[in-house]
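Each of the two complexes below includes chain A, the first together with chain B, the second together with chain C.
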Partner chain A sequence: MLAKTVKVEHTMRRRRTTIAVAGAAALTVSLTACGGGSSSGDGGASGGAAKFDAAVTGVVNSSDAKGGTLRYANEGEWDSTDPGDTYYGYSWNFARYYTRTLVTYKSAPGAEGATLVPDLATSLGKSSDGGKTWTYTLKDGLKFEDGSPITSGDIRYAVERQLDKTTFPHGPTYFNDFLADVPEGYSVYKDKKDLDSIETPDDKTIVFHLNQAFSGFDYFAALPSTVPVPKDKDTGSKYKSSVVSSGPYKFADYQSGKSFKLVRNDQWDAATDEVRPALPDNIDVTLNVNKDDIDQRLLSGDLDVSVTQLGIGAAAKAQVLADPEQKKNADSAPLNRTWFTSINSEVAPFDNIDCRKAVIYAADRTGYQTAFGGSIGGGDVATSLLPPTIPGQQKIDLYPVSSPTGDEAKAKEALTACGKPDGFETSYSYRVERPAEKAAAESMQQSLAKVGIKLTLKPYPQSDYFSLYAGKPSFAKKEGLGLMANGWGADWADGYGFLSQLVDSRVIRETGGASNLSVRDPEVDKLIDLAVNEQDTAKREQEWADIDKKVMEGAWVYPGVWAKVLLYRPKTLTNVFVSSSYDGYDYSALGVAKS
Partner chain B sequence: MSAPLDVPGGATEAQPEAVLSGAGVAIQGRSLTRIAWLRLRRDRWALAGGVIVVLLILIAIFAPLVVGLLGHPPNEFHPDQIDPDLATPIHPLGGITGDFLLGVEPLNGRDLFSRVVYGARISLLIAFLATLLSVLIGTVLGVVAGYYGRWVDTLISRTMDLFLAFPLLVFALALAGVVPDKAFGLNGDALRIALLIFIIGFFNWPYIGRIVRGQTLSLREREFVDAARSLGARTPYILFRELLPNLAAPILVYATLLIPTNILFEAALSFLGVGVRPPTPTWGGMLSEATTYYRVDPTFMMVPGVAIFVTVLAFNILGDGLRDALDPRAR
Partner chain C sequence: MTAFIARRAVAAVVILALVSFITFAIFFLVPRLAGASADDLASRYVGKTAGAEQVHERAVQLGFTDPVYVQYGDFVKGIFAGRDYDLGGPAPEHCPAPCLGFSFIDQNPVLPDLLDRLPVTLSLAAGAALIWLISGVGVGVLSALRRGTVFDRAAMAVALAGVSLPVFFTGLLALSVFSYTLNIFPPGSSYTPLLENPIQWAYDLILPWVTLAFLYAAGYARLTRAGMLETMNEDYIRTARAKGLPERTVVLKHALRSTLTPVLTIFGLDLGLLVGGAILTESTFSLPGLGSYTVQAISHNDLPKVLGVTLLAATFVVIANLVVDILYAVIDPRVRL
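Our next item is the complex of A and B:
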């Protein structure tokens, strides 16, 4: 598993990272919504009134009225609208308009939104062979936009074609890594033959054979990689402008770099689809719009959604928070992301656990939070790595402090236990392009100085941060990088998606590239192997929570903040709620009130 | 200063006839420096520039004292000055209060006055030393090229072309990116400052080199050089005792004009993040941080912006004034 996982995490990191960078730069920021307040699914549902943070836990402007045009804008462009070649959370969210996957996420607010439900398939995957073989059966009456039936062969072809990362460089590599016997450099366009590891015994059945047991395969089946693609309509890298729709909408007018429209797909049968209400008649998307312009148009009601869900910028934020009328249309939405600091045990004196604890005690938690944007739209102070949006997360606080700005007494105690009562000197690395990480580094420098830990700040370019600098163990050791800014977002909301690449010491390689910068605990590795093979969901969630706790017991990281983003929903928008699977509003549910 | 032509010494006008007849004031010989000084004194703009420059230098030298009197330590956080939700200063105009004269930085509440004052140290230090380096290299090579001519001139002139064609900013970015922690017995900020001085100084010498070469070309044909040569003076003597004093004026003028260019260049490098490391304040670095907040807290951008503007302007007017004063053809 290990040889391949690094590749996985690379792409995994890329997706959420890009989003978060811009998010941090735009300096978005909230009131602690105490994360778990979703309790009652009654969730202000049915007609929920607009209120600050209302869409985080319930449905705002609940409605089933159809019609109207939903207007989206993007400050840039999609990596690709081809479902086999895209790796942005917003893109996966938006793709549900014109594509369907074997399984997908439930369209519901709060924690429920992380639940997997069947989409093209009649049920979630059935595993056999101890989790190495997964079988799905398709529903009846599924059609492409041209009226031809969707068969298991179309899904098999779709999965095979996106394995070719030369033609489709953007997408995730989970199938490349987990399917059994994928030949080196396999491409449907060159090799002209199907894989043995995907079987289609009939038009309704598809069977995946993996190279290892994996209990979470349904999460792979929810990736846009399993969106059916008719082989005779596939145009390779050009397919993105003429995607054959399997969902409720199809492309109508695709103008590269400018805009595109989606209109209703009359071949889509609502009876086969429990997820998508498909409320609006048309969906308009404008590309390459200035970020400030998007914010202003959102506030004035000229635009319905900023598609990338990076959150509103600093100027718009000040405007929104100052005006109670506007503030009630805003949501500080939690993300599956944590901004933290890795504590490197390979740099003395951090080989001593008490010195690592001293850092956790001395850190100014409010300062760190402010650096990433404060409580509104920045994030909540984290006490462990796993964010509260991940099902099964447990609140762990192993290092309680006397003041949110740091506990000097406990830090001094830990320093004495470590044999460094007067403190020591070390370095703190961060990504030079990220103002939030720089601000956090300066905050750490200030707070740690109070107990005698002197930090030298060392910025490195983000493009090579993991491959050549902080992520390369020999470099980090040589430069004495005792503390390293780090951030991580999961591709999907579960323990595997979040922790597997982050705390497994076996992903750390001398050549660099891993996002686990500091957790080196054989006990944690053992627990991960157990969790990956665990078939029972409840037990698995408990195991991931235990891993989270184990990491904190070892004081391998200072957990920092659980990220949030400040979103704005114009009054025209109906059926609005934040999906815990897509880090933003659930697009497939949105409708628009006719004015 | 009452009248523009008021010259000290009592007499406003030489009166040759009166002198001949034994009356009046004796005509005083004036040195070039003195003439220049008299001219400069009449140029109010140049004087104002000079005063500002001197003030800036004094502030930079006595930064700890100034900040001790009027500000807070430059790296100290003041979270109580910041709105926790918006990360902007709680007081209007970027948080200007009696306690924080130029407001505070968003996010962490550092005192902008203190940071600008400490930033002046880095900016001026780098600009001065880099200019010195440019002037040294430029003068020596310029004089040599101009005096010897022929293949020496060709070699040096082509080298200048090479340097002028060099993508300096790109090179500076690359070099500052790979600089190690310790080198040449220096480390940390000292090393980075030395590196900036080297990059800026070493690649700007051709500007001054060309001017010096041009001046030398015309000077070496002049009679006093011929005279010295015919009296048996050696080349080094001619170069440094005969030619150099005559080059002092243009060198001084262009050095003064090079300083603001170098201040801007240092600010640009800091803006791009290759200057000294945070939290050490620099003007360019502050500007770069301010870009994130320009809509919600324009004061943050104004403060270092105005500091750079005033400094560059002061040096430029002083330089212009000096040129007018020293160049005999100017009036």
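Our next item is the complex of A and C:
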């Protein structure tokens, strides 16, 4: 699950007056064309009238005007700004300012934003050996911020170094899992030896050899793991404060836990970059800013972006939705995320599928949705795990109910079938710091009580929720955690990115830490292997949809809400749109209106 | 007097040693007694995808597999001699003496972070303390002298509100009104170092100062008022008046001096505690001081940071206590006995 936090930066500047001009809607959708070579510096804001949800499907305040300072703030702090050691969705989004990857996502609104396009590479990967070998060729004219050329060796080194999860514990492990013949505990710092599974026959070519065919390798190539790192500048865990830029901006100031600032990287060549318009001159980020303060500053125009994109808080949300002038600057953005409840078959009587079905039938759909914020900024009632933002998702509803508040008759039928006609007792875990999960748990407690299922609510600290409590099978079983609050955001918008870590029983570890808390179905595992190896996109998407259905047939989860988040875009922002690639506004496209 | 100070100083060192041991035990011994394994503790400091082997390797690296007394010994040794941490990477990380700990999350020594943030907290505490001392004592004296008047009742009502309203309420209210609506003061997270621009420093901190001072001034006003009312009824005040001393002299020279003794005692302790981190104020105004640092450390389960802050805060409280004890001894020789 991509954890998300917020980052804020602010300066002392007072409100800036937007010069955005309403109209010119025709220009909005073509924002991406202003990337790279866009020019003038005297261009002006030109369109995209603000209205509620306008940035979900189009570009608001389209402009090619360069200059100004874009101000971000974060209510917490990054896991790491080292591209090889970060796993926050907003961090991957933000990293496109100072890094480039082999391939990346198109800068476009909505689903089109999840389209893969070449970045450092001249094209998407070319596969051979039935999908086990992937080759990329680098563009000409690529340079680091110090002017040295970016070579395939720099990418090879970057991928190799981040395999060391002791030094870089935060990042994803896809390359660890899929590269061929990675020695146990491999570290570039100790082993001093390159991997045989990554070849660089020349400075422009890099070849990856996998231990199994994988049709979606381009998604791996889009991970920050492939951001080039010059070996002689690598300082291990300290590199996060001195990242050598390959993107349009570079670090000018880095104060751990407080703030950092990006300025233009004059070695970046716009002609090699079809994605980043690089509009602002500077990007300021302030860390650890009070969440309520962030909201107020967004509304007053003292801040441009709340970087974690967790959405405005309850107080600000009420204020925005009540004021038509403010509401038109808000977007209820759909996410590649589902909030749900895992039903633990390791805890009786949930080893019986009918008892699991009883929970699904009895659950109050509306109550669960309300707990997460309602239809605006909370999400839509889910009927399966895969959210509608994932290509190929198919709307299924295997457990239709007579009322959105639950179907007592069907629930009692299921209870009778599982031999518990009078109900039973079990426990429900949730993360104590998350009021929405608590509210959802209470909603479940009330709705399930109507059919005799009595829930004892058990809160646990979120920092250890997966590692020591709900995610540790022995603990969950010992404590009788039959139901467990859960949530998942895709690493990227496709079936593998969403489901692989969520429903594959082989990711469940006795030591804890897995996000799959309940799905233990060998048939699902087999289907995943088939989908991973499928080269045809349409067939692959169908297979992931089948897996989604199979999970629901097993009643392993109660799918609560397909998440949305209420984002606010101050008038100071230009080129604002929600992209499916990183769950929120595409940062690389944003500009600021001149005062 | 020297012996008294020496005794107190030794006691202060013992207290700090005890605080360090107890804090260390809470973080590293209690979880073990509750059944957590070394690997369980280490699982907080690895990525979410870490396997058992990696978790165990991290536990060994962080010393969690050693007996707790060995870990504490290493910690104490680090304070005097520094420590090296091999956490992978090109070279072991060195934490120079005095090493108050090494963040498992940031992979940085804790002390430089603390020293980096200390000026922010000192700035906040000193400015607020000055405001609350002057305003609290001033209002307290006036209220006592005008007992029962509208001013007295209004001042005490405001004082009650000050004590009752939490900083996160008054702070956010102040930001909303003065920063975002009237645009008079800077928004949250504004801080300029004193030496960089003293005027900007003061301008940035006015709202946090006033907000924090409002909380404390209320208590000081009530304390001063009560003390003054009691003192003004003393015989020696009547005598002073009978001798024909001006009322101003009676109040300021005789009554107030006596009243200030307990006020200053509490002031010393309050200031010591605040330097340990005005958590709510710093969090509300997003100031990068020790308080917000503590909140971040707790939210990330970064125990060495919490331990470091605790020790630093304890040091300031103990020093403040020591200073107060010494001042008391100066004022009242019986304390030295």
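Here is the rule we use: the second predicted complex is superposed on the first by the 476 of 595 C-alpha atoms of A that agree within 3 Å, B and C clash if a C-alpha of one lies under 4 Å from a C-alpha of the other, contacts with A are read in each partner's own complex, and residues count from 1 in each chain.
Keep in mind that, in the parts below, a residue touches a chain if its C-beta (ideal position, glycine included) is under 8 Å from a C-beta of that chain, and two chains touch if they have at least 3 such contacts.
It should be emphasised that the depicted structure is a prediction, and the values quoted were computed from it without experimental measurement.
Participant: I'd like to know which partner A:300 touches here: chain B for first, chain C for second, both or neither.
Facilitator: In the superposition, A:300 contacts chain C only.
Participant: I'd like to know which partner A:143 touches here: chain B for first, chain C for second, both or neither.
Facilitator: In the superposition, A:143 contacts neither chain B nor chain C.
Participant: Would you check which partner chain A:506 touches, where first means chain B only, second means chain C only, and both and neither mean what they say?
Facilitator: Once the two structures are laid over each other on A, A:506 reaches no partner at all.
Participant: Once the structures are superposed on A, label A:234 by its partner contacts, choosing first (chain B), second (chain C), both or neither.
Facilitator: Touch status of A:234: second partner only.
Participant: Residues of chain A touched: more by chain B or chain C?
Facilitator: C
Participant: Could you say whether A:256 touches chain B, chain C, both of them, or neither, answering first, second, both or neither?
Facilitator: The second partner, chain C, only.
Participant: Is A:292 touching the first partner chain B, the second partner chain C, both, or neither of them?
Facilitator: The answer is both, since A:292 touches chain B and chain C.
Participant: Which parts of chain A are in contact with chain B and also with chain C?
Facilitator: Residues 292 of chain A touch both chain B and chain C.
Participant: Using the touch definition from the top, list the residues of chain B that touch chain A in their complex.
Facilitator: 75-77, 79, 82, 84-88, 107-108, 177, 181, 188, 273, 277-279, 289, 292-293, 295-296
Participant: Okay, in this complex, where on chain A does chain C touch?
Facilitator: Listed in rising order, the residues are 1, 8, 10, 12, 14-15, 73, 76-77, 87, 164-173, 184-185, 187, 189-190, 234-238, 256-258, 286, 288-290, 292-293, 296-297, 299-300, 302-303, 463-464, 466-468, 509-513, 515.
Participant: Chain A touches which residues of chain C in the complex?
Facilitator: Residue list for chain C touching chain A: 36, 39-40, 43-55, 57-58, 61, 87-91, 93, 106-108, 113, 172, 175-176, 179-181, 183, 186-190, 283-286, 288, 292-293, 295-296, 299-301.
Participant: Any idea which chain A residues touch chain B in the complex?
Facilitator: 25, 27, 29-30, 292, 313-315, 317-318, 321, 366-367, 370-371, 373-376, 405, 432, 435, 438-439, 441-443, 445-446, 456-459, 461, 479
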